[in-house]
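Pasting a structure here, questions to come.
Read from first to last, the chains carry the letters A, B, C and D; within each, the first residue is number 1.
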Amino acid sequence: MSDDTSCEVFEPNIVAFLCNWCSYAGADLAGTSRLQYPANVRVIRVMCSGRVNPMFVINAFMEGADGVLIGGCHPADCHYDQGNYFARRRMALLRDLLEFIGIDPKRLSVTWVSASEGGNFAEVVRSVTEQVKILGPMQQLRREKKW
Amino acid sequence: MKENVYLPSLARIVDIKLESGGSRPIKTFRLELVDEKKKKEFSYRAGQCVMVGLLGVGESMFALSSNSMVHDFFEVSVMRHGKVTSALHEAEIGDVLSVRGPFGNSFDVESWKGKDLLFVGGGIGQAPLRSVIGFVLDKKNRADFGSIDVLYGASDEGALCFLDELNNISCRDDVNVHLSVDCSSESECQYFVGFVPDNLARLKPDAKNCVAITCGPPVMIKVTIELLESFGFSKDQIFTTLEQRMKCGVGKCGRCNIGGVYVCRDGPVFSAREIEGMQGDF
Amino acid sequence: MKELFICTKDLEQFLNFCCRDAKLLGPVRDNQGVVRFCQASSVSELVLEDAAKSNMSAKKAVLAQTEVLFSFANGDDGPSVSDVEEKDRVVVVGLRPCDARGIWELDRVFSENVDEGLYARRRKNVALIGMSCIKPDVTCFCSSVGGSPGGQQGLDLLLSKVDDGFVVSICSDVGEKLVTEASMISDALKEALNKRDETLKNAEESIKKSVKTQGVEKHLESVFNSKYWEKVSESCIGCGVCTFVCPTCYCFDMQDESDRQGGVRLRIWDSCMYPEYSVHASGYNPRPDRLNRLRNRVFHKFVWMKNEYDFFGCTGCGRCVRLCPVNIDIAELVNGCWEAKK
Amino acid sequence: MVELQEKLRGVVADLLENEKLSYVIGYQAASFGVGTRPLFIRSKEDVKKLVFSPLCSANLVRYLKYRKPEESVGVVVKGCDSRAVVQLIQESGVNREKVKLIGVSCAGVVEAEKVQNMLPEGSSFELVGFDEKKLDFVVDNKKISVNRSEVSLERCSCCEYQTPVVYDVLVGEKRDAAEKYRYSEVEDFEKHSLEERWEFWTAQFEKCIRCYACRNACPLCYCPQCMAELLEPQWLLRSVDSSECGGWNIMRAMHLAGRCIGCGECERACPVDIPLMLLNKKLEKSCLSRFDHKAGLDPKGKPVLAAFNPNDPEEFVMSGEC
């Protein structure tokens, strides 16, 4: 490693669960529009933000994510009518619980991005990355390696 | 220092044979221990089991299904069912598995010498029987035993395992093979259609100087034993192998007990007499 | 064996001396008031008087709840396995004779028939310094199952409180070694020994609970199919408390944990009270109901272990009685079997 | 006190005979000390063993899942227990027609272990009377009173439903909610920094032995296959360490979010005393403030996470608009 990287910049791992119909398409648009956004996100496509079980988030943290982003359609625009409404309630409670046990809720972001909002997607990724960078590496809930 | 019994040997898959398809396919894996010295020392008896696993996934107990007279390799036949068996079914030739064992007791073939043998197998339960059939049909051993009858059945034609081998031995004039399927979709089924015990009832084997060995689903074993007794077989003439959930293989982890008997350590082979005396849940 | 004496004021120093260059495990009270056997940095952190009330036994000193069996690595030329290394020395301080007897039973379970090897490696690095039980709890019944408040089985040293100090009984060669060079101990005087004997006798007499165990292994077998088990298992909620707090329950599960580079195979305490414990891959479960599982647990402890090892798999510590959320009382349950209809 | 118990016995005996119930689930004296434990009443003889007092803390509703489809059963319910029944009705987890609810009004239960510690040693313990203020015991012929406030449970001191919300028969007078503010504990804890909170909870999670007593004691944890025990997919490793036990405790709390009716059975069953009710109450408070929802009150209602309001607050949702 060269000297000028000795003061290492923390590059967080961010796992993004994006819904197939809006957010994933939005991310796709951001890509095809050649918009620049931080390369810290690892996208996992789900059919609907309502598919995201709280254990997806917990497992992401256990396995090395520093932040988790959940993307769905805008309220009232869900492909399945109501999936994002359920996701919203669930994630609100999960964030409250995480905060209560001492995990910064900023590590779990929720966003609504439509298929046409490539720019918004890039912007969200930028803010999420910045936010998690400030929080630093996640230490909590990390799985212990026994080998 | 005593050896760590949980430390496995490594074995390489040298052959994989798809025995039957369907939603619960069965594959036979031919394995060779990687370590030359261990490979030479490895021996087992018909009826014994091995723990075969994938490092990182877990291990499961399987009956050795190959002829124990062959020392270069050993085989296990695996039905795809749970986490480990699913992963095993994904494995390819050349992959390395973890192996511990052999564990448990075996068929007392010594005491069967001079007797007629009747094998009654159902589904994947044929695996341990395949091992002992291989043994008694081995050139060196065949003369020690009398007539040999093999009854085997599965749910349908597609689920019959070891079909090539069974067809091969059925060509021999010193073995009778009777295959059956529970139900058949074909109009003219080449096998007997009905449950294995139905096939057995049809054949009415003679109990005199005969030993019956059965393995299959718990219900089939139960009915088969009752039926054999009605033909005059005593409980000492009937042998079966039992299965339970197993983890350690050496009678420590607890779960495979039937009463005070640990199937992994004290079994899996039991006579109907021994089973009668067992108190426990199985 | 030899009996020595130590003044109360020197006890802490003496115990710390015994734990030199070893990890210390003893009864520690947490903020919620729960006493458990935990690692401690000094004897002063221990609540030796309250060890009898500890919710978790000292079992984990010899059989950790999560323990590596071996590790493996995925190299370029295929996987390789490596055995576990020897464990650190551990001195357990303050365990009661019932807990020590539990470990004494585990010693036999893991070495007899098939010696699994691994247990012995850890065990030989573990020394046990016990405390006689002066005030048995209402749920204690050690004297019914072969133990006693001053029992020495499994122990290396046993401390018994007398007026101004403790009688130190040396119960093994390991114990003998622990006390060599300990300057603060002296030979026990006759009065101290008499006082100790009297205290222990009082303790034993104060045990209220009793189990009629004479010939119970035979009798239980005769009531295996009794309706009795239906009745007693009705309130069982199928959690694992009784098995996890038990000093003799040893059943375990084996699981792999790994990533692409390598991993470990672990053993983890398991409980026969879970349906998942015995279910076959096919979904068939030989012990499908709470009845089967509870009966299996009682029979394992009072019939099958008795037949195999000639001791009961129960040391009468009373934890399962005290901590069961619905108070299924194993002593009461075994006593009740004598009246059960066949 | 004797009166309440006698009345309850009468009601149970009557129901058992006239309603053709297979059994009634109630309480009996524990095998040791002052505590109580569940009792399955099938006969007149069994009715004599039935007790009811502030020492009857267990939530018996959890046994309804073992009811065979053809059986009609009765169950003794306190206020919190009855809410569990309502919650089960919401989730189609109980056939109301097959279950007779014997409600008892309850001024809060007490911690048997604490009571025991306040009593002298003895060979026989009898609760001879109780009122709002104290419990009167006779220990080996000696009368001793225990101050109720010293032994009562936190969750009861702020109980809002001391009268069952659903019942077929009610024993005892209707009672109003307790006066103490329900979320003071939660709010006190929220005064801590994130670091302090995590330090507190890791210490708790590290104690966890994954015996699943919290789950099995819960009247609302009835899944035939628990996510925690699944191997495919495996959400939690079997290792008992802080990450997996943390994961388990989060999973349990989330699965009870908006469903927990606050009976505190999880906490009572925990052999290492993890303060699980603190997590449950936090989520209860969140549900109330965010969605104006309380579990186990309206039999026709929906569990909070199985419903939504288009106008639910979403202050936490990130907007990409610049």
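One rule holds for everything that comes next: contacts are C-beta pairs under 8 Å (C-beta built on N, C-alpha and C of every residue); 3 or more make two chains touch, one makes a residue touch a chain.
Nothing here was measured: the structure is a model prediction, and the numbers come from that model.
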The pair out of A-C and A-D sharing more C-beta contacts is A-D
Geometric centre distance via CA averages, chain B-chain A, whole Å | 51
At what distance in angstrom does the C-alpha mean of chain C lie from that of chain A?
-> 47
Could you grab the centroid distance between chain A and chain D? Build each centroid from C-alpha atoms only and quote it in angstrom.
-> 36
Cα centroid separation, chain C vs chain D, in Å, comes to 31
For chain B, residues contacting two or more additional chains = 82
Residues of chain C touching 2+ other chains?
-> 72, 253, 255, 257-258, 263, 266
Counting only residues that touch at least 2 other chains, which ones in chain D make the list?
-> 237, 239, 241
Pairs of chains, among all present, that meet the touch criterion | A-C, A-D, B-C, B-D, C-D
Note which residues of chain A are touching chain D in the complex, please.
-> 54-55, 58-59, 62, 75-76, 82, 85-86, 88-105, 109-113, 117, 119-124, 127-128, 140-144, 146
What residues on chain D touch chain A, complex-wise?
-> 186, 189-190, 194-202, 227, 235, 237, 239, 241-244, 246-247, 250-251, 253-254, 257-258, 279, 282-283, 286-287, 290-291, 304-310, 312-314, 316-322
Note which residues of chain D are touching chain B in the complex, please.
-> 231-232
Which positions of chain A touch chain C when the two form their complex?
-> 145-147
Chain D residues within the chain C interface of the complex = 30-33, 35, 37-40, 58, 62-63, 66, 123, 203, 207, 209-213, 215-217, 229, 237-241, 265, 268-269, 271-275
